[in-house]
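What follows is a set of structures to go through.
Each of the next two complexes has chain A plus one other chain: chain B in the first, chain C in the second.
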Partner chain A sequence: MAGYDVIFHFLGTGLIEVIRLVPICVVLSLIAGALIGIVQTVRIPVVNQLISVYLVFMRGVPPLLLLLVVFFVAGFESARLSAVFTLSIYHAAYIAEIFRGGIQAIPLGQFEAADTLALRFHRKMIDVIIPQVWRAILPALTGQYIILIKDTALVSAIGVMEILYNARQAMQVVYKPILIYAIVGLLFYILCFSLERLSAYFERHLQTMQGVQ
Partner chain B sequence: MNTIVEFDRVTKRFGDNVVIDDLSVPFYEGETHVVCGRSGAGKSTLIRCINFLETIEEGCIRFKGTVVDKKNVRSIRKRVAMVFQNFNLFPHLSVIDNLTLGPVRSLGIPRREAEDQAMHFLKQVGLEDKRQAHPYQLSGGQKQRVAIVRSLAMKPDLILFDEPTSALDPEMIGEVLEVMKKLSLDGRSMIVVTHEMGFAREAADRISFMSDGKLVETQAPKAFFSNPLHDSTRQFLSQIL
Partner chain C sequence: MDFSWHIITQWWPNILQALGVTVIIFIVAGLLSVLLGLIVGALPSFNNPVLTAASRIYVSIFRNTPLLVQLFFLFYGLPAVGIRMSPFVTGVLGITLNEGAFMAEIFRGNIQSINRGDWEAAKSLGLSHFQVLAFVILPQAVRDALPAVTGQLSIVIKDTSLLSLIMIVELTRVSNQIYTRLFDLTGFSVALILYVTLNILMTGLSEMLARRVQVRR
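What follows is the complex of A and B.
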């Protein structure tokens, strides 16, 4: 059956592209989101208003539109770079909110105990607050990254050759849309499921490390 | 006697609520100064102003001559420790890491040295076998003893206690008060907000009664209990004893 190796070749290429995109976006959006979330809890007048504008904007715009606008306006060297940037800043907005909520849920006494020990702000965050935030926000983070994985299907709109793009290519050679889309769905499912398993592993790990509180 | 903390016409408000009202009072080095008073009298606020957890509206607080303000806050917090009603141990850290965090990160003491130091104090409160435990594995009394050791590990010039036994089951109050009495005998400077009048009688050098934003009465324990000058103190004592 000549058709199948064509299908697997194309979809495999697409899958590899997604696997290359997602971790970079995860790391970038996590760093940006954590920083923005932390800054938000400090309440610096002008900075906070700028952040609010950014958050409202990101949450009010469809990601596909954002991809297209950034691609045509920002002039990145490659479509892939443009896609990584867009997905990262888009999801960073949601992750910032997750972090802000997580930090605000930490009892005031923890901040005060850290202050009383004369810790500087960054040490208070790194040593006391953020380690406690992780466990509470891990499920929400996982949910957000599952959406990120699914959002990679959009980047074919600017010519990044992810799974869906390759599916269409494969169909030009072997016209089996139902089979091909079924495999596409399965691949996404496997990606998301793996992420959930990974997250569950981390959650258990954090629990044994930190104990029940 | 040297003054360690001096309130100089201090006023603190929360909105319209005047919690500390034009208060001037010295606290002395090497003394255990107990502050008591009714709920809402402003006792917690009073001691929280000393390490800048609260900011004051008027007047001035000096710690060993240094004005307590935003500029000096870190240098003051390095020398003033605090023990909270709810312990506020760091739940994600082991006991030993709770104890070394401040010394290592704030005071810049090498980790090994900080650990040795912490173990020394931990032995004094009888918890050396808990060094690797996490706070959730400790009883309330043990948690508070660890919290006291955490404050000692900062080698403070002054320790503030905010109702350190109020969150404890009755059978655990004794073990915490024992530790505090020892510290008091060692001649440490302590300001203790507490309702434990037994402790005050035995360990305090002076006792203040706080009411209406003022320390209306400050006396040595004997006089405080046998011959309170102020009506509100007398009333308070008759209710609590």
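What follows is the complex of A and C.
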């Protein structure tokens, strides 16, 4: 069967593109999300309203539409850059919410204790608050990254050559849509299922580490 | 971003029709996915290993693969084996199967969190397993699940935009059409505003429902 090596060649190329995209988006959305989440808990008058608008907007807009809009409006050098930017700002909104929830769940005494030690704001956050937030939000964070991985399937709509783009190319050569899309599904399943297991692992082990619940 | 009234007035019938398609798909697929989720989510409570396994495998597969891949599988795959459906039916089926898995997970969790004493009390009154589930457990579980379900429904609104990639002329596709014909971003602006509005309406509705449920307790 000559068709299979064609299929695997195309899908392999696509998978590599996904593996290149995801880590960059994970890092960018984590940094942006953490910053926005922290700023939100400080409650700076105008900034806070702007963040709220951003969050409501990102919650309401379909990622596919956002990809198209950014691609046509922002004029990035490449489709890939545009895709990375869009997926990062989209998921940063959700990650900001996760961080805000995590920070607000920290007992007030921790903030006050850090203040009595006269820690500056960034030291208080980096040394006292964030290490505690981190453990509590890891399961939610991995859950969000599963959605991020699945959202990379959308970037073929603006011409980024990831798995679905390559699946369509492969289909032009070998017309086996069921087989091709089943393999594409399997590839995503392996990526997402391993993250899901990781999330479940965090959930079990971090609870015992914190000694709560 | 462009925003010209000229284009809006000219394309208004198309935009309105596309909005209608988006809303209809949302309502049909939303209702069906809640129904499917309720059935699949209730299966583990029967304590039958086959039913439980079937439910878990379905949920795992559909939650861990992208909706777009599932849609393409149905859209390109089914005709290859002789099953022909309109894009609308394919789209609704795809969203229903995908979101049904998420809804099932929500309902399963809420059914499990109902006090075991309720099962035992109802069974001791001579009700069958199905009767206990339908008349005692589900009314409570569904009420508890309401916030999570409405949250998931707002994701269904966003899911509908993917159907633009399987030839359905809904909001995303019509705004893309306006752009490719006129190189004008007004269509995108309108679509963004409409989607955000739909989401805000959905959030308002869910908060209203949540308050009602609270009062009854």
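The rule is short, and it goes like this: the second predicted complex is superposed on the first by the 195 of 213 C-alpha atoms of A that agree within 3 Å, B and C clash if a C-alpha of one lies under 4 Å from a C-alpha of the other, contacts with A are read in each partner's own complex, and residues count from 1 in each chain.
Keep this in mind: a residue touches a chain if its C-beta (ideal position, glycine included) is under 8 Å from a C-beta of that chain, and two chains touch if they have at least 3 such contacts.
None of these values were measured; they are calculated from a predicted model.
After lining up the shared chain so the two structures overlap, which partner does A:Ala79 touch, if you call chain B first and chain C second: first, second, both or neither?
neither
Where does A:Phe188 make contact in the superposed view: on chain B (first), on chain C (second), on both, or on neither?
In the superposition, A:Phe188 contacts chain C only.
With the two structures laid over each other on chain A, which partner does A:Ala136 touch: chain B (first), chain C (second), both, or neither?
Touch status of A:Ala136: no partner.
Just checking: does A:Val128 make contact with chain B only, chain C only, both, or neither of them? Give me first, second, both or neither.
The answer is first: A:Val128 touches chain B but not chain C.
Does chain B (first) or chain C (second) touch A:Ile178, or do both, or does neither?
Touch partner of A:Ile178: chain C, not chain B.
Could you look at A:Val69 and tell me whether it touches chain B, chain C, both or neither (first, second, both, neither)?
Only chain C is touched by A:Val69; chain B is not.
Any idea whether chain B or chain C touches more of chain A?
C
Going by the contact rule set out at the top, does A:Leu28 touch chain B (first), chain C (second), both, or neither?
neither
Touch test for A:Arg120: chain B only (first), chain C only (second), both, or neither?
First partner only.
Same chain A residues contacting chain B and chain C, which ones?
Shared contact residues on chain A (touching chain B in one complex, chain C in the other): none at all.
How about chain B: which of its residues touch chain A in the complex?
51, 53, 74, 77-78, 80-82, 84, 86, 88-92, 101-102, 105-107, 134, 136-137, 150, 154
Hey, which residues of chain C end up touching chain A in the complex?
So the residues of chain C in touch with chain A come to 1, 60-61, 63-70, 72-73, 76-77, 80-81, 154, 157-162, 164-165, 171-172, 175-176, 179, 185, 188, 191-192, 195-200.
Can you name the residues of chain A that touch chain B in the complex?
Touch list, chain A to chain B: 107, 109-110, 112-120, 123, 127-128, 131-132, 209-213.
What residues of chain A sit close enough to touch chain C in their complex?
56-57, 59-65, 68-69, 72-73, 146, 150-154, 157, 164, 167, 171, 175-178, 181-182, 184-185, 188-189, 192-193, 196
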